[in-house]
């Protein structure tokens, strides 16, 4: 059974009444609820726990880590960020949610600034499935709407995705690569754009379908662990 | 349960004693045996059956089609080749085995000549896993040998694979992109190089692991069936 | 000096007054004019010429072929379509313009249906540069508008582009992968979406910049011509 | 005119007689000589210069930076490594040579460990051109040999290259992705495997052709500099 850890910085919900009204138990609780419904074994962890809740043993037992952060990226210690990065390279899946584009683990794994344009006007977003054969698109329609969203617009400064599954259209005139797949080391990474703290996006059925599919796609596999050594030849050398 | 159809032109085995000694019931039977062991529901079809065994109803019930052909590519009718191509675009997975690189369905789906260099000297091949995090690499070692193989060498005239999982080293001095993933329409395609008719390669455990993994990776999904129409606007136009 | 042939089916302009008002000498003439300004050696060819103007000698002397067709794709003979395809595989660049997505050469090179959604309401299109470091983006702004356009919307049934340079936003709610790079054989292919026959899009400066850049990017190179033969070993075989 | 800076840690040559015999004026001098012959404006910089020779003004005037390092990666300061990374993201090309796979700038831009297998037995390497249509393959044969080379073997822990131009075959039984193209931010990066300090590889004509082509491919373009801001809508929002 695939084990998921949903990580949240969990600050907005404690500091802002409007956010608390939408996610009274924290975004992580809502995301975890959706993934449990999909049949996964789900735990949560938050910034203010010791080691941000991401001890070595927690990560060792995590097949897929989902990451939501926004206003406190800088408070994630370098040590824990590097631990997450290393665990991804060793094969753990990583789901990077919305404003997690600016998190330390994602930026270190991408090697780019991960910057973008943004606007928080509560406008309409329409998400188009551009790769209907991809497993993360299972059970989805050709397009669906997020009624009120924070806009993220291109140029999104990421490496070209290995697979691009979703594109977003925004009422205000922008587009965005909203569902991006990567492999780094042995780990599979999925960036998914929707998910602002002031809208109940993680309760929307299509969003829950995407996240459940993405966990399955990103789950730790059993491929070989490469060795990186000075090696003897396998064939005779003249 | 995933349903697989293993297709074979099934000529070498009937016309050549050396091949019959290796694959007495045909290559398809041996490939099918390996996939059944992996738990799939497997049928076979061959060139000399009516409609090459690939009727509309057979294809409609096939999640993944494996294709082995070599000396009779030209005898596959255009109608059946196009039927296979259409079914792949509609989401059926396709495993193209060894000399199937020159089959009509593969060439039509790739859009290139699919040519390569070759030599049938029974030399040693070593297959390296270059993407250990890919699901098709599950359960495999970092590298493994095919003791006696027909050589295929670069330049392999294919589109750059969406994902490149295996590379081959050959005793005679060549290299080859041996495990290549593509998506065309909604269908997922995996080309896998090993598998000559005069060597018992499809009985080798690592080869069987690759094929079983590839079926799982390529299996028909439940993403949206796109519509291609003149459409009304979803938003007001000035 | 790079030699370009601009091909046009050249029917709308002769049969429809509205189109003739926009492109009195044919779309090919306007496209060619822009490329000449950019310093290329440019010729034109049209459907109703002998061999559609694409004789062996014309193609042999063409480094980059630009292709505009719409209502008469079926009148292009298979022989000439295959000749173009072969020349691309041999290294000629190909620019596929707007409704050329449904042309025989493009569909044969892609291996997919190349279908899409469409609407001819003259709405606003905004083209976003998503890969600002790509040479086809040289000299362009982050985004620019086509004031009145025919809409093409996703799902665009193409192989995932090797490089995706532009995305389009449409007033009516759709998005589109508008600038797509491919390599097939030795040839480089660029699909560029804008360019409807009833709007003077090929006179727009940004569009001309894109096409001039694309010619430079796609121009025939001097890499090796692969041989596809039965070859002797380069190293001793046991 | 394209301006190139060739950077070298320049330690082996001063500390080891065998290396000094091959590269008496340093590897950078030999690499620079080849690029000057190709018509570029070439400067050099080395580790022990102030700011490692990579001041802000040097980088600002560099279109493409070539990087050779091996035993002193750790002595490159984080500040200068980050400066190089930032300049690449802003559009400067980067050629990473041989053991530069472990350099700070390359690892930060890739986001992976960049580890590999290795062996220094002076064996034969054969480099195969797998993308003959790529501009970095201009003027090259289908394959060529490096008579004596340090072996690098897969798994090479890099992100899947955007474009894979060369593959290496090694006498001892390994293969390697030897010519790998990336875009990060606006900058284009080419990793090229050959080039050990104890062999005169940078004097070999094919190697010089590759490096000259790679400079041209990676040179700074004139695409838009994206803005990453809170932006006003471009269209009316309800």
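General remarks:
When the chains are written out, they are named A, B, C and D in that same order, and each has its own residue count from 1.
Quick note on the criterion: a contact is a pair of C-beta atoms (placed from the backbone, for glycine too) under 8 Å apart; a residue touches a chain by one contact, two chains touch by 3 or more.
What you are looking at is a predicted structure, and each value in this text was computed from that prediction instead of being measured.
Residue numbering shows that chain B and chain C use the same positions for more than half of their mutual interface.
More C-beta pairs in contact connect the chains of A-D than those of the other pair, out of A-D and B-D.
With centres taken as mean Cα positions, chain D sits 31 Å from chain A.
Distance between chain B and chain D, defined via averaged C-alpha coordinates, is recorded as 36 Å. The set of chain B residues that touch two or more partner chains comprises 126, 129, 131-132, 142, 153-155, 160, 162-163, 171, 173-174, 183, 185, 224, 226-227, 234-235. By the touch criterion stated above, chain C contacts chain D in their complex at residues 91, 126, 129, 131-135, 137-142, 162-163, 171, 183, 185-188, 221-227, 234-235. Interface residues of chain D, counted against chain A in their complex, comprise 85, 89, 108-113, 115-121, 123-124, 151, 153, 155, 157, 159-160, 162, 171-174, 182-185, 224, 226-235, 237-238.
On chain C, the positions that touch chain A within their shared complex are 126, 128-132, 142, 153-156, 160, 163-164, 167-170, 173-175, 177.
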